[in-house]
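Taking it in order: structure first as structure tokens, then the write-up.
Per-chain numbering from 1; labels A, B, C and D assigned in written order.
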Amino acid sequence: MRIVFLGDIFAEPGRTAIKEGLPKLIEEYHPHIVIANGENAAHGAGITYEIALELHSYGIDVITGGNHSFDKKVLWEKFSLLPYLLRPANFPQGAFGKGYVVIEKKDFKVAVLNLQGRVEMQPIDSPFSVGDKIVEELRKTTPYIIVDFHAEATAEKEAIGFYFDGRVSAVVGTHTHVQTADERILPNGTAYITDVGMCGVEDSVIGLDKEVALKRFITGMPWNFEPAKGNAILNFVVIDIEPSGRATQILRGKWKKI
Amino acid sequence: MRIVFLGDIFAEPGRTAIKEGLPKLIEEYHPHIVIANGENAAHGAGITYEIALELHSYGIDVITGGNHSFDKKVLWEKFSLLPYLLRPANFPQGAFGKGYVVIEKKDFKVAVLNLQGRVEMQPIDSPFSVGDKIVEELRKTTPYIIVDFHAEATAEKEAIGFYFDGRVSAVVGTHTHVQTADERILPNGTAYITDVGMCGVEDSVIGLDKEVALKRFITGMPWNFEPAKGNAILNFVVIDIEPSGRATQILRGKWKKI
Amino acid sequence: MRIVFLGDIFAEPGRTAIKEGLPKLIEEYHPHIVIANGENAAHGAGITYEIALELHSYGIDVITGGNHSFDKKVLWEKFSLLPYLLRPANFPQGAFGKGYVVIEKKDFKVAVLNLQGRVEMQPIDSPFSVGDKIVEELRKTTPYIIVDFHAEATAEKEAIGFYFDGRVSAVVGTHTHVQTADERILPNGTAYITDVGMCGVEDSVIGLDKEVALKRFITGMPWNFEPAKGNAILNFVVIDIEPSGRATQILRGKWKKI
Amino acid sequence: MRIVFLGDIFAEPGRTAIKEGLPKLIEEYHPHIVIANGENAAHGAGITYEIALELHSYGIDVITGGNHSFDKKVLWEKFSLLPYLLRPANFPQGAFGKGYVVIEKKDFKVAVLNLQGRVEMQPIDSPFSVGDKIVEELRKTTPYIIVDFHAEATAEKEAIGFYFDGRVSAVVGTHTHVQTADERILPNGTAYITDVGMCGVEDSVIGLDKEVALKRFITGMPWNFEPAKGNAILNFVVIDIEPSGRATQILRGKWKKI
């Protein structure tokens, strides 16, 4: 079973690159399921119901989220309407939406679990204890479990990788918007990468216009963020998983329209 | 020479309490100069040119700021137009506005210096090194120097107090919105209080509607902040200063319309 | 029923002031139970088994903790041996020690619950959801419930106050080491103060030698912290509670050997 | 002119891998100068005078630092004795040691500048304004300027990259201990990578024993960190620079003893 996982889709350039590039990736890699993080899909901050539909129509089977999942308040009441739209599962009880889903596609039952880190991020429930319970539950349903761990600190990401090693098929990091070169199969069979990187304009500061970002750092003033313009790059990983749930390969990739 | 210093004015209830209460305080304490922190004057976040004029018209001689000073972008270009409107002096070069002022009133020349902390706050220039230079400069002009230190951590606030002890007349803390009971004259003659407290609705979470604040803490979702409604309390200190610049007394007070 | 609650006992000077001053406070206020936060009792960082015994021998019935509770590793295995020694209850499962206790004294059954904040502090379980469950359980046993909320941000502290208002007798804040002047009875009968302040040397930076603290702030280098020397001040509150569990009075106090 | 730059050397396994692997890298790439970050060389936290000598003897020409530079206080007084030992230049005045150096080797004059980020790190001086002044000064001496930017947030790292683009030969990120896959030549000729990754044991949590790291995350208690044992991996980049100072190539690499 093969997964393609794409990192944080950033604003209109990210969505356009998905529209143009995802068909090529599907053609090349023939994944059984495509997952992408959508927390920055709406102008860099959050996602709307309509944009979720749009991304789904491009071939994304499950859309994960992160610290920006709730930025667009217009989505809140509709968050649960789309079965394939997730936000981190360790948001406390009372938060809109859901944090995991089991989808069936091409004879495969695949679980996707979204978790968020807490180091240098907002205080929510523990990704370890919340994740532990959900993973043990999901394992009764399917051996194919993919975790999007949306977090800042590399230590917390690696720790989550080892924590779930052998219990899930893959732990794929998101949030930093920069792809890391540490993809590997952990000792007990879980595919791991600290961060898959974003789907956004590369000549930017994590997807944002670099001039504005620089002005913010230099003056300390909250200049309005603006997504960078141009052709976006797609940062992704391809993961192969045995029927046992064990990953056999994780491959890092980038795609950009030429 | 006598100063009245009022803490963070929060939204419309805070401004109304200033309008109604400041004349009473002036009547009671006969200050030579009135200083107030205005970073939350505009709906809890920032301040506008018009609101600065309004507060000035109520009898506030100098309006200081803090981490919310730049929240209202409509103010930016006009920030320097009002001589009595400050933002922390240790924002980096390139930031709009200014961080200190010397005003003359009733035969007294008084310097007001606004600084901001960095512990658990945004990274700006050092309040120690920036403040040091400005204080030494101001001391050539007047012995009456009042510092508004806008900061979160009590350790940083006490450290700034000791750092300027004997060099300025007063270090008054702002930002936490809760008045502290540690007002005193430091060993070398500087009046000090960790936080003067806010001018806002007391039955609230730092000035904000408490139901919304609770929902944010409980669900982890970014519900829209809303200022609390009702009569605001004025939190203030009264400071007496000798011609040498040495403080002789700091008195903590609260005022509320009955 | 009357409680005396003393803030963070800081190092040897804090313990000595407890030894000398607590008898005076007991003589003056005749409390039925004495609670104190001990997270800084051992040289400013943590507490040991022996120091807990020592503080207990001075008349402290329950010792609460905070982010420094685990600083002295020599205590860990013995943490549960002392029924009256607490650490925040919202540390995750697997942490040593316990977070609440019900003690019986002078015909009163009093519950003490220790919780810790998460804003600008380490990521642990939610003080809201963990606290909620424990409080509801404790209410079956006694109407007298005292919460030590050890936290940094005033917003989180006020939110916890309102969250438990009417369900516990008192929410007393600790951790900032500076007493606040906002003690009051909340609308539904809970006594509240944002921070009770420390039991430590006042001429210091939160209990630490001020010269060292200044050097750390100015140079950015990790100079060794050293507790300040001298006579400590005791910061405390006295709380009166009706048989219904409702607080009728909260009184702020300071004591220092002359 | 060719540079080899190695990331944070972590504890004894990192130093051993340098000893064994650096000769191979030198043999393979024939660099004119070798730079490595040594902030974790001493048992994972800091560096000593002796370890700096040791690393220098293995062929490292310049040793940079970061937030752990001052962990070993035994080094402080000797920090300035070794011309090739740096700590971030934007530590405030009064900090021991120095932040940049110009070395001459094989007919090349190369400047190395060490800077540290502030987002989610300790508050020090601005890497932008401090770096700006030093870079402009260094450019009078040599076109070959290499910046080690030791920082956490990808946004701040990319911003520094663009800020110095065209003014220095390379901006190499350190601190996260995970190599990123975004190495490239920025528009104006500066070689850039968000993080070069560490020289430490890969089967670890950023170099630390993974069992201990997991216990810390799960229990919230400060279990003693312990460096992981085993063969370390060397994470490095090779950078080619024209006489104009412009980078022509940046190549990412890993080396591990088999």
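Odds and ends about this structure:
Operating definition for what follows: a residue touches a chain if its C-beta (ideal position, glycine included) is under 8 Å from a C-beta of that chain, and two chains touch if they have at least 3 such contacts.
From a predicted model like this one, the values you see are computed outputs, not experimental measurements.
Remark: among chain pairs A-C and A-B, A-B carries the greater number of C-beta contacts.
Superposition of chain A on chain D using C-alpha atoms only gives a rotation of 180 degrees, nearest 5. Computed centre separation for the pair chain A/chain D is 30 angstrom, with centres defined by C-alpha atoms.
Separating the CA-averaged centres of chain A and chain C is a span of 42 Å.
Averaged C-alpha coordinates give centres for chain A and chain B that are 43 Å from one another. Multi-chain contact residues, meaning those touching two or more other chains, occur in chain A at positions 92-93, 123, 126, 128-129, 218.
Considering their complex, residues 120, 128-129, 152-156, 158-159, 162-163, 176-182, 184, 187, 194-195, 197, 202-206, 208, 210, 213-214, 217-218, 252, 254 of chain C touch chain B. By the touch rule above, chain A contacts chain B in their complex via residues 70-71, 73, 76, 91-96, 122-124, 215, 218-222, 224. Only residues 92-93, 118-119, 123, 125-126, 128-129 of chain A touch chain C when the two sit together in their complex.
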